[in-house]
């Protein structure tokens, strides 16, 4: 048979996952990667660590620099895809180039959203915090003692703020919603995180949206004002799906995919921040713009593209990080019945329903969180378990001896 | 509160410079000797509970522990030892019979240590077991009295049932109940791998171990616990226990608290009821009754299995053995007074019976004098401590030896002689699941296999040195032995010459 | 003088052996075997030499020939009293000897040709052989100063303290002839040796000459003594002779079967054998474990009508065999054969534990 | 590495042997005296149930896939962590189904690496287990 032509749009987590997925099943096929950026494959979440100086340029790449060569991949950098012809199986590039393919993965990720706030265009010193370029731009804007206003108290904003505490600047985070990290934490956990950061000198303005800007001033709904020298836009992202939309792919917030990453278009798969799949903790469809999911979706898509049996049916949102030494981890849904445990500077909330664990929040202490994550992912029925033990602390004690024996005393191959 | 006359026998010496408070000692001591004191931030110990089983010492990762004899000294004298005095205090406290475990600890002569083995020089070459075949295979059982031939004059080669041993060493009777399931599994698996036999003791045979039947000797004792047709048929041989070296003349008593779950099922007695083995078999009041039981058991198993009669070494052992040999028994097992036990009244253990060396020599000679030695096989037990003891026993006339205590040592036993307390820290003489699990049969059986394999190597070395390359040629070969520091009488009973003669 | 069996000391010894057997029954002069054993002079030390001849008493072939050493007249009187009570004595005479300066401490040596008293034999309910055997054992163990060292029919043992060639001349063996001769030169390792202790050792018409030192001695002795034998001399030869007598005469084993008891093959060898052979060997090993002989030995067993040579199963002692026509030779050293038969048809070295047995050809009379 | 709860005595020696091996020192007293240990293997216990948990070195390790930096990688069958790359983001902590990855004293994640650096051959926990509850073998 003639060799399969694979085309991958995007060289981040999902793109790389896809390459590994394809290669696991097909060593021979011809793989091409198109990327709008010209940075090679780097780990987007690391930009805040680069800003803080914890990671150097070499550290930014999460695969060796030979990764593409080793996997026999042609990398076309700085080239943007503009149109897709699913019938003709070809992809037009901005520079007029046309790439034919047999199977295509759309992993173009997302772009920072620009909130419609009057006067924003007048702010000269502003940048999103989404890419390596953004990070370098921001670093260039910083001057000693400068006031930095971060618009948005989500993960991106918070990690940016954490990084900036290592610089000689004053940081303020503005969040319109009633709490920071709203998508991840609940009120109590968020308050703990905020308090922790405030102790480290980060200022917050929460539950008060910016009404308008002028050059170096934000005016809030409450009327309060905040001066700044640099404005960081961290107000969320938009999936990059316009090209697929116009090509006729079914889309909601993101482009819709099944467990194997297939879109509604023949020969077209999608994965990562631009894709919308089923969150198995809720059973609902959602964009899970998270690194591990992108990586796993990409791999599943890659295998499927190469014709191997594949599926990533147990995708759930998993968040974990530590901000200025304050650890937190969450996974799954944050709805339904829940149980709360507090103690030793830690807060834990477990969500359950339908006889299964559906989600959790751990703040101040994230130790062994993965055991909860696995309970959710594996849809482990709780009736076999000792619920009080499950809540007390994540440990295998909750399992039956027989289940533990399967886990600890047998060959372990598949952990996801 | 009354005065406590019983002083700690041992002293726990902890080197605090080495102790890292890992608390292994605390977790491993079933007697609760060690504990971690939060305030002091260090380990403390209550020595009065220590039995010197050495579990903590052995597991301490920094070698920070020592158990020493308590140096505190009574005003002892030649007549009144501290031990004797303490025993009196204990009985004055409790009014009870003193109980103890394992073999007789008192300073009685160990004749093995007064017997030396010969080696070839000049006139007769020693044989190198690494170069030449060296045979330790042993058959136990009766021998036909006359040869029979078929019409063509060919020998008819049918024989009475025999036990075939690759090594002249068997594991002696230790019941499930007195020792743990894991200890039994270790013994059974080791016997199977070594090509020898282990012995159920009087506790019956756990259903899991029927698969080791071809390497199992099933015992029938006065309590008849766990005895039924399938049990008798499961084993390769049947042993009738008339007596035990550690407690001749008395029965056994396994307290009801040990009769739980599997044990009660295996013994076929209700949970919690004491398992009492009467002193005599109530259907054996003399030799003719024994003969009846021997033949009942043979009949019950279609004459397919040899029957062993186990007797304790007592004063007129030679005459008794001669009677047993004529009772239809195929094998006689003699158990010396240093043999072990899970529990025995101390006075009996320490004062009743005679040494196996003398008993064995007397029995072998008596059976030869009566011309019936080759009707039966002789198995000697009761503290065979090394391959040298085994070689000496065989040269005195034994066909094979039983080892019990040595086997337990291989499994970890440190002879603390507290089996009767049921809290064996080594997981051997206990039924508490938490303690029993400390003996992993995968490890235990391998250690038993190593021990017996090592002994067999040494036996071959010694045989080779004597210029003997087959165990039959060592059996009863008393010229290969010499005594040192023994009286004329002792030499006469042992049937050996003094060194230098 | 210290004698074998006294103070219960066992006497192991090294040695030389030689044997000649004529399959067609042709009578061979004792002189021939004397020359053969003499060549191996250095394998003995003058503490014992002896011979067994078969077919030498054709005129008394139906009678038991008893050769007896007496320490003194008293012993002779006691013993003869015993003999008269138990036997018809057809002939009795002093053993003819030629004085020899190298043969000293000569005891009284007498020869009797006897048969059991019919009355005694009948009341003993034993067969004649067993009757005679018991009498011999009784005399040797109970009558101080008397020792019956030969008790077979139409055969005789001649032995003494001294080098074998001297012993031969002492008895004038050049004057005897028979179809089979065995000879022995002794090298006892720890006593002066005594006339009775010299080889061959004989019971009835079994005679054994042996070179070696068996390590299974006491196991064998204590086993065989269960069956009524008394090992008075505590020599290997004695116990082996008794084993042969017990297995062959009393248990009715063939010589080959007897060999596979005394020099049983290793279990590993037995397992490799075809089934019936395997069963036979396993059976014999399991029935007579106490009669397995280990340690170095090479023996020549004389019996009426034949000879058997056997080595221990590891062949720890030299033993060579040769054939010339119908005559068979055995010796510890090949040279001891060639000195009497320079050009044998065949010379070979019997394997360990493999019995070599020769018997008279059919029709060959033991006295021609 | 396999753990058989049936034979675990809950003696915790594995934890101390692990900490000792990690210390790289030659004497356990010197290595552990007066220190709170941070072993890479942990005994979980309740009543009479004890067993040790450490990295299972999964054939298809989710921690490696989820790692933002590539610090976690599979090296000849063992899941290893490159302390220089790790930024301590805790993603792996939230992913490991065994709770076998934890932050080290100084930030980067620590986990069982089968003593590849420290003990040659058998990992210290398995080598030191008195009852064969932890075994290191090919299955």
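A, B, C and D label the chains in the order they appear, each numbered from 1.
Here is the rule we use: a contact is a pair of C-beta atoms (placed from the backbone, for glycine too) under 8 Å apart; a residue touches a chain by one contact, two chains touch by 3 or more.
The structure presented is a predicted model; accordingly, all values stated were derived computationally and were not measured.
Chemist: What is the touch distance from chain A to chain C, in steps?
Modeler: The fewest steps needed to get from chain A to chain C is 3.
Chemist: Quick one: point me to the chain whose Cα centre is farthest from that of chain D.
Modeler: Farthest chain from chain D, going by C-alpha centroids: C.
Chemist: Would you mind telling me which chain pair, A-D or B-D, is linked by more contacting C-beta pairs?
Modeler: Spelling it out, more C-beta pairs touch across A-D than across the other pair.
Chemist: Taking the mean of the C-alpha atoms as each chain's centre, how many Å separate chain A from chain D?
Modeler: The answer is 29 Å.
Chemist: Can you check how far apart chain A and chain B are, centre to centre, with Cα atoms defining each centre and the answer in Å?
Modeler: 70
Chemist: Using the average of all C-alpha atoms in each chain as its centre, how far is it in Å between chain C and chain D?
Modeler: Here chain C and chain D have centroids separated by 79 Å.
Chemist: Using mean C-alpha positions as chain centres, tell me how far chain B is from chain D in Å, no decimals.
Modeler: 43
Chemist: Would you give the residues of chain A that are in contact with at least 2 other chains, written as numbers and ranges?
Modeler: Expected reply: no residues.
Chemist: Can you list the residues of chain C that touch 2 or more other chains?
Modeler: Within chain C, no residue contacts more than one other chain.
Chemist: So which stretches of chain D touch two or more other chains?
Modeler: Touching at least two other chains: none.
Chemist: All pairs of touching chains, please: list them by chain label.
Modeler: Touching chain pairs, listed by label, come out as A-D, B-C, B-D.
Chemist: So in the complex, the part of chain B that touches chain C is made up of which residues?
Modeler: Going through chain B, the ones touching chain C are 120, 122-125, 127, 132-133, 135, 137, 139, 143-144, 146-147, 154-155, 157, 159, 162, 368, 371, 373-374, 397, 466-470, 472-480, 497, 501.
Chemist: Of all residues in chain D, which touch chain B in the complex?
Modeler: 6-7, 9-13, 16-17, 20, 28-29, 32-34, 48, 128, 130-133
Chemist: So in the complex, which bits of chain D are touching chain A?
Modeler: Those residues of chain D that touch chain A are 2-5, 44-46, 49, 51, 53, 56-63, 65-70, 84-85, 87-99, 101-103, 139.
Chemist: Across the complex, what residues on chain A touch chain D?
Modeler: Contacts found on chain A: 17, 43, 45-46, 49, 54-55, 59, 61-63, 291-292, 295-296, 299, 318-322, 327, 329-331, 366-371, 373-374, 377-378, 389, 394-397, 401, 404-405, 407-416.
Chemist: Tell me, which parts of chain B touch chain D in their complex?
Modeler: 17-18, 20, 22-24, 27-28, 59, 61-62, 64, 433-434, 437-438, 440, 442-443
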